[in-house]
């Protein structure tokens, strides 16, 4: 995910569900989010430190097992030399079954970081898959790995809708840890409920997170 | 906009309407358009000078208040170091309510400049919005600024259709100033009318320009 | 096309049909495909040499007249300095009526090379078209050229469906030359038939290849 | 300068001398220096905040009038989109007579940031000098400006040696503010004295800072 | 060379000498020099057109046989995608015995274009030399070519000094064609004579141009 | 080193001496050297495979303990995303005391790969040294590492001259393994002897390899 809070906002309920099913969940947070404030009194360093702690707190609410902070600057992810390689290394190291990331093809998503992370993750899936990419990784005994599925968050046309009705409150509790961001977003609890209700439209449950699911076979 | 003439072709009628409503309208033309000719006798310098004058003439027909020419080379905008920063500076300086730009997500748009300007403008909206981006701008007392809306021109699925029936002739007069381009495009007047009629399909008016409108709240 | 085998898989039947109609068909293969194996005993050099030979064999089955191998490394095409220029040079040199390439706008296509080649080709069409691009080419007497049409393969919404029922077996024979790839893809013959049948859905023929067709007029 | 502490280490005495002569001195610190520690207990955010404070303290000892922190990540300055533009903006804004920066041509300087800042500053001098660079700056009424001289620090062959004997102790006091760095550098006071003595070799004074001075005429 | 006037200033006398010896001389001017003015009334397009004409006039004075204008923007050559390739194409096309270019290793040369052209030319020598570089060029029947020598202008330590005493006046006449530049440089004639005298120091002739000469064998 | 054969040519004797002293020596070969031939009958893939084998044979003659082939394309190393990171990973993994690499500051070295590898290695030394660079490496338990010394080969002004008189013949035997290259270089044995003699000038021994040695303390 690009920033602290993107994971909980887009897929906190799905994360909870996966953990209940016995999955080990690991976060990768690419940017510090160090420019995400309207408060002129705060420095980017204080904000970055605050947001890492908030991200740790939110992950703790969900029971996430591990967080890797790549600590790139906010708003610059499309210019980061080697973001694709970093994610590929982590895929080979952690060997996930499922990867959840931003949908970089979603139109009218203005934030460049979301596009950058989505594309870097898609690319990294290719790099992690075939052993001839990145020969350095063979020195480190990092064998190739292909996840079974990639979930893209907030897609234009979802094809995988996860029922989060039972865990919505816990998701909201996790989001609530991102205090520095919510201060700028009054009424957030109701807005997120609405969004979750909208994602469940036409389904036999009340609240959902929806994804485009890519099954990786013969890509 | 990427080139001289893109503004009038895509949104000249909307510009007229906004000016009538009392808006101050400022153009930002990113490229000189200095390769847009089939005439082997003209140099890129003559063409660039001609097209700037044509752009000034067209803007004068519409009553546009200001033009900034960034004068980057035609066809190279996706490689321009700092286009995103330039647009962010102009947003903080001019503080627009509405930004109109190319839709970079529109499929099958082959010109790389249109994609480049659309993405750079989207990115610039983020950069202009948060004060911790580009600390140099604080030295210059350029405070953060968020426009209310971004209109993306020629989108795949429009959601904002502007009635330009009353101003279509004036729009055509503005376009007519781009003499160097129209010489390559016989029957242009009829073609543009047809396009405007098509954009009004299903609406209770005859001619339109259509946009994808992005309202900037909690982006 | 990005890799050896992309041409046959996406448009082998269309190539056959065009050749039967008297077209001269030239391939441009951008990458060696030198990382496309799960076999730890093979080096990228052996794989690249093997895949070039397979590509020659497949093209021979179809009767393709010429192949240019650009020989860039697999998985790195989005970082290749000058891929756009190379393709523009080839367009001016070969002067095609029809260009067939990857659809870079197709969502959920994770391979970065397919996006890179699609965009580079779209860009190259602009560069090849106007004589003021790339002044070096005037020294070489490579005059501007605009193809009549660009076909984008595997598009999200096709608008040009080619009946390949009569040539499907020959297409499969061509694909069969890519032995190094098919070893990793059991049951490929049936899968490709199914895909071809699906692309013909709603059409009065059995097997098809479908494209987004861009007619280049007033682009 | 690239990092907090580079200014004092390379030219603290010269800064003091210039201030005594009545110059207004402004610092531009490009990177946060957020990776400059061997202490595993400190985060990059704490380090960055600490080093900004240390830089403020050191500048206060010298009497420096203004500091601009560009806050780019440590070790990445050669990949920063627009560093050259930022420095050019600051040159046009502050209109310095003398610029002091790293010597990017100095061989065997392994740190990429020092090379990056030196080159970006050299480039920015060109950009600030001619009004047709960066047309956006004309909108902001930032007129062209050429400094009289550029001093490159730690050059291979100095041609401008500044007597800092009278101010050496104050320079050391300023350096002493960079507590986070000095902890890693025992005996630093003696080492810097030695270096200053060596730079004065062959001169009729005891301690010096030496530079390559570039007088900007007909560049 | 980077800009119109760089050729005459650095090596106009050598060009004259080579032409007298029967060499065919071809110029490659990479940038338009469109920002090289202090005159606020002139546009970059007028300046570019003027400088091309001045360059043609100056070359005519010397008897230069051919000029290729690459027409890249002034001050941006280090960001030009494919400058290296363009020069390599021209080397293979024109097959020169001697190449004269900027010395990119010369310290304290602040203009980024001079460094960029010097490095791009050095790189292009490698690219033009070996047939496996740039496979597209084989399609165009542009065979590999290695020049015998590369002369780098204004080097730190020259090893090749050309006597231009007999042709100095004609060199000055050629330089005099660059009227737009000389207006900014009063007393230029005397200054250039002085520079030429200095380059001849220690030699048995009065005026010289000096170079670092690289003989290309086993590079 | 950039290409197969660079290690033996520049420092084969030093490698032998280090191995005799008990050092474990590991090679890192960045490029395949797949364009280094004048033979039109050979493909880049055959050449790359041949040169890897030649490199293995040459290393075996010297007794080198390990080779990592990064397998980047010849002539493109300055455009490789992440070369710096790859070398930093290998430094942290292998934990060398001494690093030998190209001198990127050496003037008039036209090959871009030699400059690229020299700079990437210098940068990598900084990246490997401080633990806050590349947080992904902490996940892999790759602790920071600083070598004691870096040797830059073929420097302009050497300060470390290694007596290779006793091992010169073995060095020549190692070089002799690079058969594909030597075919293009008749009389190589005498030329290399001459070069080794020249590097020993002023020393009390006959043959030498000379370096610029950088001792890494307080860098």
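Each chain gets a letter, A, B, C, D, E and F, in the order it is written, and its residues are counted from 1.
The definition used in the following text is that a residue touches a chain if its C-beta (ideal position, glycine included) is under 8 Å from a C-beta of that chain, and two chains touch if they have at least 3 such contacts.
This structure is a prediction, so every number in the text was calculated from the model and none was measured.
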item	value
Required steps from subunit C to subunit D (each step between touching chains, minimum)	2
Contacts common to subunit B and subunit E (chain labels)	C, D
Furthest chain, CA centroid comparison against subunit D	C
Rotation angle (°) superposing Cα atoms of subunit A on subunit B, nearest 5	120
Copy pair subunit D, subunit E: interface residue numbering same or different (half cut)	different
Geometric centre distance via CA averages, subunit E-subunit A, whole Å	53
Chain centre separation (subunit B, subunit D; CA means) in Å	41
Chain centre separation (subunit D, subunit F; CA means) in Å	34
Residue list for subunit B, restricted to those that touch at least two other chains	34, 44, 71, 81
Pairs of chains in contact (touch as defined earlier), listed by label	A-B, A-C, A-D, A-F, B-C, B-D, B-E, C-E, C-F, D-E, D-F, E-F
Touching residues on subunit B, where the partner in the complex is subunit E	32, 34, 43-46, 48-49, 52, 71-73, 76, 79-81
Subunit D - residues contacting subunit F, complex	34-38, 40, 44, 47, 74-75, 107-108, 110-112, 185, 191
Residue ranges of subunit C touching subunit E (in the complex, touch as defined)	68-71, 81-82, 84-86, 89-90, 93, 134-136, 139-140, 142
Residue ranges of subunit C in contact with subunit B within the complex	103, 105, 119, 122-123, 125-127, 130-133, 144, 150, 152, 156, 212, 214, 218-219
